[in-house]
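In what follows, chain A forms one complex with chain B and a second complex with chain C.
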Partner chain A sequence: MEAHFSPSVLIANIVLMAMLGVITIAIIRLRSLFAIVMLGGVYSLVSAAWFQAMDAVDVSFTEAAVGAGISTTLFLAAMLLTVRTAKPSKPIKKRWAPLAVVLATGAALVYASVDLPVFGSAEAPANAHVGKAYIEATPSDVGTPNIVTAVLASYRGFDTFGETVVVFAAGVAVILLIGFGERARAASDWRGKDEEQDENFSDDSHLILRVVSKFLIPLIAIFAFYVHFHGEYSPGGGFQAGVIFAVAVMLYALIFGLKAAMTAFPPVWARAGAAIGVAIYGMTGIICMINGGDFLDYDYIFGPPVEGAHHGHHNWPQITGIIGVEVGVVVAVACVMITAFYAFAGRVPEIRDEDW
Partner chain B sequence: MADTSLFSPENLEAARVFVGSALALTGAVFSAAGSIGVLRFPDFYTRMHSASVTDTLGATLVLFGLMLIGGWSLVSFKLLCIWIFFMFTSPTASNAAANGAMKAGLEPFLGKWTGQKIKIEGQEALRAQEDRE
Partner chain C sequence: MNMFADLHLAPEALAVHAPVLLVLAPFMMSTASVFAPNGRFAWGMALLTSAFTVWMSLVLASDVAREGVISYHMGGWAPPLGIEFRADGLNVLIVILISFMALMSALFAQPAVAREIRTEKQPLFYTAFQICLAGLMGMALTGDAFNLFVFLEISSIATYVLVGLGATRDRRALTAAFNYLIMGTIGASFFVIGVGFLYAATGTLNMADIAERLNGLDDSRVVQAGFGFIVVGLGLKAAMFPLHQWLPNAYAYAPSFVTVFLSATATKAAFYALARFIFTVYDPNWDFVVAAMNYVLAPAACLAILFCSFQAIFQLDVRRVLAYSSVAQVGYMLLGLSVGTVAGLSAGMFHLANHALMKGALFMAVGAVALHSNVWRVCDFKGAAKTAPLTIAGFTVAAFSLMGTPLTVGFLSKLRLYDAVVINGWWWAAVVIATSSILAFFYVGRLLQAAYLMKPDEGAPEIKEAPMVILFALWVLAGLNIYFFFDSSLPLGLAEAGAEAVLGASAGGVQ
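Right, the complex of A and B next:
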C-alpha cells in the first residue's frame, strides 16, 4: 500500500483544508448575508482548487462552475427578495444536546475514515474493480480520451438520464413554490414594444461595467459551447456547459436589467428548453431502441453495428450518442437554471441601482 | 562554429525557467503584499486599491512567469487567455465596487494618517452607511 504523495501536494492539501475550515467558521459567525454569499463562492473556489490538487479535474470544474458560479448568482438573486442581514431571532444560548450529537457524529466519521484506503492506493475498490475495467475498456469501447465523459454519458448513461430528470424536477419544484415571477409572466408583453428609458440607463455610472460585460458575456456563452463539445477530450461536459451558459444570461440580467435579458432570452424559451432538453436525452436512447439496441446503447444509433467496421481512434456511433445526450443535458440544465433565476429575480418589483 | 555569445540558444533555454520562476515569485510577493494591505489599510478605498494590485500586477507576473516556464505550448496559450480575461474582469470589478461604494455615499478618508483616530472615524462612517441601508 504505497501512496506516492509528494510533500508539496501534502502541504497544498493541508493549506486548502485549513482555508475551508476558516471560511466555514467565518460563515457561521457572520450576519451579513451579502458577505456570506460571497464567502460561499470563495468556499467553492477553494474546494475546486483542492479537488484539482487531488487530480479530480472534472469534479473541480463542476465545483467551480456550479458552486462558485451559479449558486452565488442565484443566491444574489434570491437575496434581493430579503433583507441584507440575518438577525438571530433569540439570543444564542448554549445548547448541549445538539453539540453532543454533532461531536458524536463527527467522532464516528473520523473513526470510519480510518478504514478508508490510502489516497491513490492501487488496492482501493474504486481503482481495483470497476474503475480499472472502465480505464481498460474505454479506448476500444468508446474511444474518447476523457474517460470521465465515457463513464458518465455512455457506460452510466442511464444514471445521467436520471440526474437530468432530477434537475428538471428541481426546476419544476422551484416554479411550483414561487411561481414564474410576476415580471416573467408579463415578459411576453414587453417584446417588440418600445423600451421606455429605464432609469438604470439614464446615468452611466456603471459605464465601464456595461462596456466590458457586453464584450465578455458572448465569450462566456461561447466558452460554454467549447466546454460542451470538447467534453470528450478535456474536463467538462453538458452539466458544466449548461451552467456556464446560464451564468452568461444571468450576468446579462444583473448588469443590463431583467427586461433586457428576458428580451434576449425569453422565459418561454427557458421553460420549453427545460423540457426539450430532457426529451433530447430520452430520444437519443429511444433512437437506439428503434434501431434494435437497448435504451441508450449508442452502438445502434446509426443502425445495428457493422462487424469489422471498427474505428481506428474514434468510435463514431458512441461519440454521436455522447454528444446527443450532452446536448440534452446542456439545454435542460441551462434552461432550468435560467427559469429558476427568472423566478427569483422576477419577484422583485425593480432592481434598483443601489441594490448592487 | 558554436554560438558562444551570451544570448546563445542554450543560454536562453537555461535562462527561461530561471527568469520564469523569478517572475512568478515576484508576483507571489506582490500578492502577499496586496493581502497584507487588505488587512491593514484603514478604509474601503485603500483596501480596494491593495486588492486590485494583487489581481492585476501579482497575477500578471505569476502568469507570465508560468508562461515562460511552459514555453511555446498550448498551456502557455491558455495562460495568456486567462491573463487577458483577468485584465478585463479584475479592473472592471474593482471599478464597479468602488463606484458602487461612492454612489452609496461612502466617503473616502482624506488627509494624513493619524493611527487610532482615523480608524474610529472609519467605523463611524461604516455604521452611518449601515444605518442608511
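Right, the complex of A and C next:
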C-alpha cells in the first residue's frame, strides 16, 4: 500500500527540509558567534515544525524545548565567556580526507535510501511490527492515552532511565570540568542579604522586562508542572518539563541577576537535585523489585498484582510508576540544566548591558 | 564453564536480579557519591560497588553455566516490546572482566586519585567512574540495540570527563578529551544511524528479534548500509585502525587511574558489541559480511598490528608506548574476529581478556612510578629497577606477557591466534603476527632496558616503590598473567564457550 500524503503536507516537508539545508550552510559560512547561536535555535525550531508535519508531536515538543529553548540559552551563556566572533580561520587548506569521509557517508545513505520502505506506509516494518503492537497493547497493558508516554516510561522505561543518567553524567561533567566558579562560592554569603542590590541591577533598569518577567516566570514554572503531569494524556513529559522549569530559573537569572537566581535556587540544590532525580527513578524501579517484580515493573509498585483484578478506568500501578519515574526525570533534567547555566554564567563578572 | 555450574553464591531472590543489579548498583552508588563528605569516603563507596559487581558477575556466570541463556525483562515487558538484558556465553567473560578490572583499578585508585585529583573534586570523580562502570556493564549485558546506544553514551560521557580531569596534571588532557568527544560522538552517531536502518528494515530493536527478521534480507541495501554504519561506529569506540586516533592522547594524558581502568575495559566492551552485531545480529555467512571481514576488518587488523607496533617504538612517553601497543593489540583481537571461525573468535576473546590483564598491570606500574616523581618519559625510567624493584618486577611480568613470551598467558593467546589464521590459510596474517612480536620486543625492550640496565641521570627524581595497595593490585594482575599460562581453563573456557555459543559448532568447522 502506498502512503497517501496530501500535496500540502508534501510541499511543507520539502520547504522545511530546504530551509534546514539553507540554515546549515549559513551556519558554516558565518563568523559571528551570536548569529550562529541564533541560527542554531532557528534550525531547531524549523526541525520541530518539520517533526510536527510528520505527526511526531512529542519529538517536536522536545526539539522545541531542548533545541530551540535551552541549548540556545546555554550557548549564549557559554558565549559570554569568549569573544563575539570566531577568528578568521586559518588559510583554507583543502582537506581531502574529511571530504572523502563525508562523501562516502552520504553515498552510503543514498545507497540505502533506495530500499527504504515508503515513508508512512502502514506495511513498513517500523509500523507493522513492534509499533503496531504498542498501539494495540497500550490501552490494556498501561492505560495511558498517550502511547508515546507508555513506550518511553513503561515499555522502554529502562532506556529513559539510561537517558536520565546521560543527563546526570553531563551535569557531573560540567561541575568537574568547569565548576560553579567563584560566584557560586560567594552565593552562600549572599543568602540572607537580599536587600543588598547588585549595582548592575538597580530598580529602574529594565523596568518593562522586570515587570513582564515577574508575570511570566511563575507561569513558566507552572507550565512545566502541567507538561509533566499531563504527559500521559498529551505531548510532553519529564524531559520537556525539566527543561521548561530550568528556563524559568535561567530567565530569572538573566533579568534579575545571577546573584538573585543563586539565592533563590542555590547551586548546591542543583548539584544535589541532579543526583536525587536519578535516585528517584532508580528507587521507583527498586520498589518494584522488592515487591517481587522485575526492575521498573510498575504492576508491582503497590505489591504483587492481584490476578484477574479488573482495574477499572485507570491502571493505577502503571500510572503511579510512570509519574514516579517522570518526577525523577524532571528533577534531574531541571537541576542539570540549571547547573550548566550556573557553571557558564558563574564564570563571567555578570552579564553587562553593553554585552547585549 | 563447568566450574561455575556448581557455584551458588547468592540467594535465589538476589540471583534472579543479578543482570540488572550489575548496572543498577553502580548507578545508585554514583548518585550517593555526590553526597560523600570526602574523597576517601567516595573511594570506599566505589570500592564497594566494584566488589559487589564482581560478586554479581560470578552469580550471573553460574546461572549462565546452568541455564545457558539468562534473559531479564526490564519493566516486566517481554521482548520485543520491552528491553531485555541477555547473558549468554559470549558476554559472561566480558562482564567478569569488566567487574574484576574495576575492582583492581579501584584498589589502585586510592593513592593515585588522592594525588592527581583536586580534593574537592574527588567525590564527583568517583561518581563519574561508577557511571562509566555501569555504562560499560550495560553495553556488555543488553540485548537491545538501542539500549546499547544509550549505554554507549553513558560510558562515553563519563569517559570524556574522566580523561579531561587529567588537566590538573597536564593541560593536554583537555584537548585529548575534546578530540575523544568529537570522535566518540561521530562513532555513536554512526552506530545509531545503523540501528535506525535496522529498525527501518525489521521494525524491532531487540537484537535476537532483529536477527530473526533479517532472515533473507541480506540483499536489502538498508541492511547492508546499516552494517557499515554499525561497524564503523563501534569500530571507532573499539579503536579499530584507522579510527584509533583518539586513543593515544586520551590514554597518555588521562589521570593514571583512568588509563588503567579504560585500557582494561572500554575498548573491550566496544569490541564485544562489534562481535555481537557481526555474529549474532547479522549472519557471518552472508556475502557482504564475509567480504567485510576478509577485505576490510582483516587488513585493518594487520595494519594496526604492524603500524602501531612500529609507532610504539618511537614514542618518548611511556604511556604513549603502551597506548600505541593497545591499538596494535586491538588489531590482534580484530584479526581473530575477522577469521570468523570458532577458533578465531575464541582466540580473539581470549586475547581480549589477557590484554586487559597485561595492560592493566603495565599502566598500573607506570602510574605507580609516576606517583611520587611525576615522570612519564622512557628515559626517566632509568635505574627504576633498583629503587622500585617490586613495581618494576610486576611491570616486567606483564611486559613479557605483552611480547608473548612462554610462561606468560600472552604466549597462549598469540599461539591460538596463530593457529586460527594458519588453519584458515591466511599465511600473510601469520607473518604479521610473527613480525609484530619482534616489534613488541623492541618497544617493550626499550622500557626494560632503561629500568634495568641504565643508571639514573644526575638530578633525576628518585623513583620510589609503590604503596602497598597498588603493589597488591599490580601483583594480582601480574600473577594472573603467569597463573593462566599453567591453567588457562577459566579465561579460555569462557572464550571458547562464547565463540561456540554464537557460531555454533557447524559454522566454524574448526576446533
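One rule holds for everything that comes next: the second predicted complex is superposed on the first by the 345 of 356 C-alpha atoms of A that agree within 3 Å, B and C clash if a C-alpha of one lies under 4 Å from a C-alpha of the other, contacts with A are read in each partner's own complex, and residues count from 1 in each chain.
In this section, a residue touches a chain if its C-beta (ideal position, glycine included) is under 8 Å from a C-beta of that chain, and two chains touch if they have at least 3 such contacts.
All of these numbers come straight from a predicted model, not from anything done at the bench.
J.: Going by the contact rule set out at the top, does A:Leu216 touch chain B (first), chain C (second), both, or neither?
T.: first
J.: Mind telling me which of the two, chain B or chain C, contacts the most residues of chain A?
T.: Tallying touched residues of chain A, the top partner is C.
J.: Output check: A:Asp299 vs chain B and chain C. Expected answer is one of first, second, both, neither. What do you get?
T.: second
J.: In the overlay, answer first, second, both or neither for which of chain B and chain C A:Val130 touches.
T.: Second partner only.
J.: If we overlay the two complexes on their shared chain A, which of chain B and chain C does A:Leu103 touch? Say first, second, both or neither.
T.: Once the two structures are laid over each other on A, A:Leu103 reaches no partner at all.
J.: A:Val22 contacts which: chain B (first), chain C (second), both, neither?
T.: Neither partner.
J.: In the overlaid three-chain picture, which partner chain does A:Ile286 touch, first (chain B) or second (chain C), both, or neither?
T.: A:Ile286 contacts chain C only, not chain B.
J.: Provide the residue numbers of chain A that touch chain C in the complex, in ascending order.
T.: Against chain C, chain A makes touches at 105, 108-109, 111-112, 114-117, 124-131, 133-134, 137, 154-159, 161-163, 165-166, 168-170, 172-173, 175-177, 271-272, 274-276, 278-279, 282, 285-286, 288-289, 293-300.
J.: Going by the contact rule set out above, which residues of chain A touch chain B in the complex?
T.: For this pair, the touching residues of chain A are 84, 205-206, 208-209, 212-213, 215-216, 353-354, 356.
J.: For chain C, which residues count as touching chain A in their complex?
T.: Those residues of chain C that touch chain A are 17, 20, 24, 27-28, 30-32, 34-35, 72-77, 80-83, 121, 124-125, 127-128, 131, 134, 138, 144, 146-147, 150-151, 153-154, 157-158, 160-161, 164-165, 167, 190, 193, 197, 199-205, 213, 220-222, 224-226, 228-229.
J.: Touching chain A in the complex: which residues of chain B?
T.: Touch residues, chain B against chain A: 85, 88-89, 92, 95-96, 99-100, 103-104, 133.
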